[in-house]
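Next up: the structures, one after another.
What follows is subunit A paired twice: with subunit B in the first complex and subunit C in the second.
Up next, the complex of A and B:
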C-alpha cells in the first residue's frame, strides 16, 4: 500500500457554498467565454471588418483567452481553432486541415525526432561533457562553460531537451561539491547558467525552439515571404552572443561564488565521460546524419525545404536502425505538434479575413507611434508575455497582428517576425516561464526571488540589445525598419 | 426504579437491560431464533448477540451467553410465536430479530462469515485486521477481545464476500470497520484503505470507521478522502485517570490531548454530525461524563454513550438507571446547544444516544426524520450519493492551492 500517496490530499473545509463556487469557476469561465464568443459574432459588424472577419475575430479572441489561461491544454485549443474556422465559415474545411500539413509542422516534428535520437543514443550528453570538460579550470570557468555549452547545443536541438539532458550532470557536480540548498551562491550560478544558456541559445536557429519555424510559417502564410536557416542565424547570433555575455556577468555579480576549488566537479565530469565509454557506432552515425542535416539546412534549406531535410534525416535514422519508434514516442511532445498546426491555421484565418489588419488599425495604428516605438512595444510585449504564457502562444497571438501593423509603419515583415519570435523565447524571470527555468528551479537551490531579480534585468537588457542590433546591424543584412 | 416501572419506557428498559441483563425462559430457548443463535455461538466459539426490538423500534443488543444466568430482573418469554419481556408484574411485547442467515455461510476460502462480520441492528461491524500496537506493547484496552485478535487478517475478498452476503440478506445498511493502532503517522487507518476502496467500489453503502487518531492532521484529510463517511475516535472516559485505566495504550502512546485535537479537526473535515466519540456511561462519575459530553459537543463531535455492562442484578446495579438517566437528557441538550444533529450516528444503536433522549424527559427525538429517510428503500442510496458528491467537491490534491 502506498501510504504517502494516500496522505497527499487536502480537504477543502470552507463553507460548501464557497467550495461549490470555486469548483465551478472553470464552468463559469467556459460559459463566459462562450457568451463572449456569441457577443462578438452577433454584434453589428464594425467598420472595416467583414462578417466573416468578425467570426474569425471571435475565434481568435476565444483561442487567445484559452491559450493564455490554459483552461484547456494548448493543443486542444488549437484543435478548437481548426474546427471552429470551417464551422463558422471563415475558411473551407479542406483549407483548414491542409494548413495542418504545413511544412513548419513537419520540420518541427523532424527536429523533435532528431533531438530524441541524440538524447536516446547518449550523443547529446557526450557532446556536452566533451565541451564542459574544457571549462574545468576554476569556478568562473565552469559557470562560463555551463552557460556556453547548453547555448551552443540549443542551436541544434530544442532548448528544453538541452536543459533536461544537462540537469543530471549539473546536479551531480553540485552534490560532489557538497553544496547545500539555500546557502550556496555557486550552486545558484550553476543552475541559472545552464538554464539561461539553453534559453538564449534556443533563439539562434530554427532548431532551438519550435516557435521559430512557427513564426516563419505564419510569415509565409500571411505574406508569402520567408527567412532562411542561415539568414536567421546571421541575424540573431550577435544578439545571442551579447546576451550570453550579459547573463554571465550578471550571474557572477549577483551570486559571488563561495568556492574556488572545483577539482571534485572535474572528477565528476571525467567519471561521466569514462562511463560513456568509446562512442558507439550508432552515436557516430546519428552525429554524422545530424551534421549533414545542419549543413543542408544552411546551404540548400531554402531550395530543398527545411522540413524535407529534417524528415529525410529521420528516415535515414530508421533505415540504419539507429532509433526505434518506441524511443521516439517517449521523447517527442506530440501535443506541441498539434498546437502548431492550429496556430498556423488561425494565423492564416485572421490574416486572410483582414482581422489582423483591423485589430492593428484599431490599436497601434491609431496611436501616433514611430516604427521604433512600435518595435519596442512588440519586443517588450513578447518578452514579458512569454514569462506567463507559452512562447508558442505568444507567437500565435502577436505575430499576425504585428505583421499586419508592420506594413503601415514601413517595417519589413521579416523584421516583425524576428521581433516577435526571438523575444518570445527569452523567458528568464519565472520558473514556469519555460521548461529550462522550471528544471533549474526544481533543483531546490534557486528561489523565485533569485530568478525574478536577475531575470528582470535580463529582460530589460534583452529588449535594449535586440532593438540596438535591429537598428544598427540588421540594415546591413537588408532587414530594415 | 422497579423493573415493572421501567418496562413501560423503552429507553429506560434498554438502559436497564444493558446494565442488569435478562434471562431467557425455557420456551423462548426452544424457539428457532434463540436456539440457532446459541448453537452457532458454540460452533464458532464466539459470543453472538440477540438483537431485540423493543416497543417504538428501540433496539437493544444482548450477548446471548449473559442470558443464561438466573439472577436477572427481566425474562424473555415466548407464547404462540410472540416474544415478551417480563419484569416484576409487568410485561411488554418485543420482537427478536432472527439470526442473520449469512452467519452460517462461508467465504470462498472456507472462513465462517460470522467470524468476519457481525450485524447489530442494521449495521455490519467488521475488524479486518487484528493488528494493534497497544496489544503488542501490552497496553491493550481493558474491553478488548484479545481472543479475537489472535487470528489472521481477513483478505479484502473475504471481507467483500461477507458484505455481499449481508447486503443480499438486507441486514447491512451501513458498514462499520474497526481498526487497532499502528505506530505510523496514519495511526492504523491506512490498513483499512484497500477494504474501504473495495467496499465503496462494489456497494452503495455508507462506511463508518472506529480508529485511533493519526499523528498528523493530513491523515484525517486522507481518512475522509478514502471514502469514510463517519469517523469515531473513542475517548471512552473523560476523566484522565479513568481514561488511562481503561485504555492505557491510548493514553500513553497517543495522549488524551491528541484525541481532542484530532476530533476537533475531524469535525471540520467530515459532515456535521459524522464525527463521534464514545464515552462509556458508568465507568466514571456522572459529573465527569457530563463534562465530557459538553467538551465533545463544543468541538462539534457527537458523543455516543454505550453503557458499562454489569449484567448483574445486585444492590449496586439497582439504582443505576435512575443515576444514569439524566445523562441522556443532558446529551440531547448539549447537541441542541451546539447545533449538532445526530443524523449520521443511527448506526450506533448499541449505545444510547441523543435520538433516545426523549425517553429520559427530553423533547421530540433529534434527527429522527433523517433516520427515517436513511432507512427507507432508496434512502441509503441517496445518502451515499450525497456523501460522494460532498467528497468530490471537497477533496483535492494536496498541492492544489485551496482558497
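Up next, the complex of A and C:
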C-alpha cells in the first residue's frame, strides 16, 4: 500500500533554485508583461506618436508577447485586446465590440460550418478517395496524389480540416503496405505529402485558411480597399502550383521510396470507396450547395458580400435538414470567432492611432531599403514567424505595420496584404508550426529533423517563388510594387 | 535468475536497445520483461495545440486523437511481438506487456513488480540547457530506479 503511494510521488531532482524558478516562471512572466505595459504607457510620448497611440502601442506589444509566448490561449489574448482598447481610451467601446460583427468574422464562421457539414456527411472523404484512387499507378504517383488531393481540397475547406480528414486514410495506406516507423522512407513521404499539400493548398483561397479573410478585413479597415475571391485566386494559384511541384520533387529526393508495388494501398482505397456506397442524397445536396456558394463567391462575391453568401449557404443546409445544430457544435471550435474579432480590432486600433506608421517609420523606413528589399523582408519574416506562432497572430502583428510601410514605399497595400497573408500560411519546418504538420508528426513515423531538413528548403524556396511571382506576374494583374 | 526490464515508448522505440537488451539477457541468462509504455502526454500536447491554434472542433479532435491512439497501440503491439520473436529465437525467456500512462511512473512500477536487477531504456538527446529548464523524465527515472540502469542514446 505504502509502496504504491510512494511510487506515485514524482521527485524533481533539479537544483532547488531551478525548480522554484521554473515553477514561478509563469507568474514572473505576467508581472514582467504588466510592468512593460506600464512602462510603455508611462514613458514620455515619443515624437510622432500621440498619447492615445502610446496606449495602443502598449496593448499591441502585450498582445504580441502573449501571442508569441502563448502564455494565454490565442483567443483569450484577442479578448484582452478588445477589452483593453476601449478601457485605455484607444477606441470607443461600441466600435471595439462592433468589430466582432465584422463581415470577415461571419465569413469565417460560415466557412467553418460549411466545412463541418462536408466532413460530417462524409462528402469530403468521398471526394478525397475519388481523386486519390486515380493516383494508384505507383509509389511516386501515390505521393503526387497525396500532395495534390489535399491541396485541391484545401482550396475549398480549412486546411486543418483536410489534414484531419485525410489522416485515417493515410494510416490505412501505411498499414496495407506494412510500413514501420523509423524504417520506412515511403511512410515519411506519405505523411509529409499529405501535410504539405494541405498547407500549400490552404493559401489559394479565402476558404483554406481563415487568416486570408482576416487579412482582407484588416486591409479594408485600414485602407478601405479589398481583394475579391477570384482576384486572390488568380494572384496566388500560380505560386501554389510551383510550390507543390517543388515540394513533390523535394519529398522524392529526400525520402527515396523503398517500395514500388502499391497495389495493396490501391486495394484499400477501392475498399473504402465501396464501403461508402453510393452518395447519399444528403451528400449530393451539401455538395450542390457548396458548389453554388463557390460559384457565387467567385462571380458575385464582391457585390453581394462573401459573408452573406456563406451564411445563406449555411441557412440552406438547415432548411433542407442536412445538418443539425448539434453537428455544428461538435465540429466547429467557437474560439475562432473570439480570435479573429480581437485580431481585427487590434489591427484597426494600431492603424487608426498611427502606431503602425510610427513603428514602420522607426524601423524599416529608417533603413534605406528598396521596395523589393522591404517585400523580401516582410515575406521572410512572415514565413519564419509562422513556424513558431499562429499564422493568425502573424497576420495580426505584421499586416498593420506592413500596410503602413507600404504607403511610404509606394507599394500597393493589396500587394502587402498578400505578402503577409500568403507566406504566413506556409509553415513546413516544425510540428507545431501548423495543425497539418502536428497531425503528420503525431503519426510517429516522422522525426522533427525530417521536417526541419525539407521544411527549411521549402521555406527558402517559398520566399524566392513568392517574390519572383510578385515581381514578374502580379504587374500583369495590376498589382505593382 | 536475474530479471531485466526493457522499457520502450512511442517516440523512443530504439531498435538498438531491443537488440542489446536481448543480447544482455542472453549473456546474463536473465529473464527479459519488455514493457511498452503508451505515453499519452506527447499526443495530448499535440492535440491541445490543435485546439488552440488550429481551432479544431471537439468531435474531429476526438476522432483524430482516437486514430492516433489506435496507431500507437498498433505500433506498440508490433514492436513487442518483434521483441518476443527475437528473444525466443535467441533462447531468452521473455514476457511482453503494454501499459498506458506516464513513462517514468509506469517503468518504475514494472521494475518494482518484477524486482528487476537491470532496467534498459532509450533516451533522446537533449541539450544541457533544455534538460535543466524543462527537466527530463529520463533523468528522474535514472535517479529513482532502484536497480542498475542501461541508457541508450537515440
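Rule of thumb we're sticking to: the second predicted complex is superposed on the first by the 464 of 481 C-alpha atoms of A that agree within 3 Å, B and C clash if a C-alpha of one lies under 4 Å from a C-alpha of the other, contacts with A are read in each partner's own complex, and residues count from 1 in each chain.
By definition in this document, a residue touches a chain if its C-beta (ideal position, glycine included) is under 8 Å from a C-beta of that chain, and two chains touch if they have at least 3 such contacts.
No experiment lies behind these values; they were computed from the predicted model shown.
Once the two structures are superposed, subunit B and subunit C can be ranked by residues of subunit A touched, with C on top. Touch criterion met: A:73 reaches subunit C, while subunit B stays clear of it. Once the two complexes are overlaid on the shared chain, A:51 sits clear of subunit B and of subunit C alike.
Looking at the shared chain after the overlay, A:16 reaches subunit B, while subunit C stays out of its contact range. Look at A:168: by the touch rule set out above, it reaches subunit C but stays clear of subunit B. In the superposition on chain A, contact of A:478 is made with neither subunit B nor subunit C. Contact with neither subunit B nor subunit C is seen for A:89 once the two complexes are overlaid on the shared chain. The residues of subunit A shared by its contacts with subunit B and with subunit C are 3, 7-8, 10-14. The residues of subunit A lying in touch with subunit C in their complex are 3, 7-8, 10-14, 18, 22, 70, 73-74, 112, 116, 119, 160-161, 164-165, 167-168, 171, 175, 180-182, 210, 329-333, 335-336, 339, 390, 431-432, 434-435, 438-439, 441-444.
By the touch criterion stated above, subunit A contacts subunit B in their complex at residues 1, 3, 6-14, 16, 19-20, 23. Taken in their complex, subunit C has these residues touching subunit A: 10-11, 13, 15, 43, 46-47, 49-61, 63-64, 67-68, 71-72, 74-75, 78, 104-105, 108-109, 112, 132-135, 139-140, 143-144.
Residues 184-186, 190-191, 193-194, 216, 218-222, 224-226, 268-269, 390, 393-400, 402-403 of subunit B touch subunit A in their complex.
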